[in-house]
């Protein structure tokens, strides 16, 4: 089980990342994911920089990005990621009904992925040369 | 490699599903996924009914559902599904920039999923009792 | 792409395994899986011994074991394994109808696996203490 | 963690599905999978219809279908599904010895899947044109 | 949950494998993996023989093999395997810093795997004909 | 299939990353992975920065990191990644014998991962509190 670096025990390097997480997300606490990887400061710094850049608003809005994140986490079975990104998505406005529809799509895609791979279906020409 | 049931060779049962696919999607051709599973008509009928229901507009819009479908298909590595749902997403308005952002989120989620599972990070109380 | 050790080029050690594969399976040729791992004779010997023991008739009959093998291979998307074990299953009597039913079960299980993991459903007491 | 809809709290729509599950399976209780997805009645109705159709006796017998279901669930690591379908399989006659043989096949298939994909072994002509 | 065969309850066949595990590894206890599969002695014997052969020093040193084992276990999300092989790796000299670097590589590889599969990048000629 | 940005067609931003890849790796060409993600320059810049940092020599040597990368890529079935990182590993000294041992460990780990998850083996106390 992961060792967690609490805020009070953070080095200056770790504290700076924690501060940026709180400022960027407008929250007043640090969740366990960051406390765990803070045991290796280069990983903490690198992953936070990646998450901050990739999850920022772009041509996809932040809620859509959270839904995609949940879809991947459910497919891979990462309980921590399902819980944390479902919380993020709810904070960005996801309703219970939307969550249920999301999981329905994820389930169906996992089914048809195996049907397509099982039958070894050739990709239609139209899809290859759009 | 999958045997494909062309439209001209379809039984009445299969032809009825093909007709509904074309009418529902407003297209004039059938892609290979349906032609392959048409070798087992109960599966054709059942899966089309599921796709028709799950992918219909709901509290999530159809483009968001396609993005989620692509996210799952990339995570599972289903080349047919990546190609066909990328085509569907483009037909519903997805831009190249959105596709690139989508894949960036999918890649990052696959990375952090393993970081979280690797460190066996305990789920924060806040996430468990939202 | 894998280098293949053809029968004519086999060392005595490899040839002995090839001979046992042909005798055990009552076939007169060696498929590419064995020719590829024959580049590392200890792996050839070890894996053949495992396959020979695990796939032998037991309390599960050989066809059922092939169906299970296909189910795993489809879930993991191993095209070689899907092709080779589908051939083995057909040789042991699997019909096209049975193959279609098998893939339907595999697809559905992949769907409900994600639904169960997505909802983080607690295991019923009854299932834990059968 | 999933919210569960107990039988006493079920709407008429949910109660009707619960009743059909109990009648079809000849059991007098509802397991948590259905109680969890009952939070979204369309998913409850749709998935039960799928399970009822796909898992019914066909050219594959019900026990074989359960073994296949377990094989997929173990490969994907879905603890709920492993527990519930192992219980179903035992109820249909699976012995401890059969369960152990099943897991042995599942383990071996997962190994050889990676060996085949790792070596990028070309599919034999014979398997492609059966 | 797995039934465990404790050392005191082991049959002669199981006890012989337990003794070899302890002698080979120079430890005085048996971990739960072996106790669980001891419920099916042929699987206990077979898997131990495989682990003993594959994990022995070869052209890759034993610590490197443990790191690879952890990488696979994290990718598949096998909590038991992550815990047991991390312990083995620490016993063979892995430091906390090395563990953190290992998980960083595993996470990054999972990300770029999906980027490569998502973009369906053609393999460079140079890599195909080394 | 991915669109590739050739060196001659690269914007200044892309060309700068290409130049750093060639300088860092002491090679005179760019492989397709970078050419494909160069269609989205922020992803090119971000992923190269990550790869450069994570794969640099650290407490794990570069060859060990490549072996771990291959292990993940084989487990996820990413043909591009298997090919490119096998080439990198060979350039760093990996022999054919080491490659074969690596794949043997990867295969075995995939097998025992499923055995452990299938039996739902409880983690030994010793492993939890090292």
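Just so it is clear, A, B, C, D, E and F label the chains in written order, and each chain counts residues from 1 on its own.
Criterion: contacts are C-beta pairs under 8 Å (C-beta built on N, C-alpha and C of every residue); 3 or more make two chains touch, one makes a residue touch a chain.
What you are looking at is a predicted structure, and each value in this text was computed from that prediction instead of being measured.
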{"item": "Mutual neighbours - chains that touch chain C and chain D alike", "value": "A, B, E, F"}
{"item": "Chain whose mean Cα position lies farthest from chain D", "value": "F"}
{"item": "Between B-E and C-E, the pair joined by more C-beta contacts", "value": "B-E"}
{"item": "Distance from the mean Cα position of chain F to that of chain B, given in whole angstrom", "value": "28"}
{"item": "Distance from the mean Cα position of chain C to that of chain A, given in whole angstrom", "value": "34"}
{"item": "Contacts with 2+ other chains: residues of chain A", "value": "1, 42-43, 46-47, 50, 54, 75-79, 83, 97, 101, 103-104, 106-108, 110-115, 117, 119-120, 128"}
{"item": "Contact footprint of chain C on chain E as seen in their complex", "value": "1, 42, 46, 50, 53-54, 128"}
{"item": "In the complex with chain F, residue positions of chain D that touch it", "value": "70, 74-75, 77, 79, 82-83, 103-104, 106-108, 110-115, 117-120"}
{"item": "For the chain D and chain C complex, residues of the former touching the latter", "value": "1-2, 29, 31-33, 36-37, 43, 47, 50-51, 54-55, 58-60, 64-65, 67-69, 71-73, 75-76, 78-81, 83-84, 86-87, 90, 95, 97-98, 101-102, 104-106, 108-117, 119-124, 126-128, 130"}
{"item": "Footprint of chain F on chain B - complex, ascending", "value": "77, 96-97, 100-101, 103-104, 107"}
{"item": "Residue ranges of chain A touching chain E (in the complex, touch as defined)", "value": "39-40, 42-43, 46-47, 76-78"}
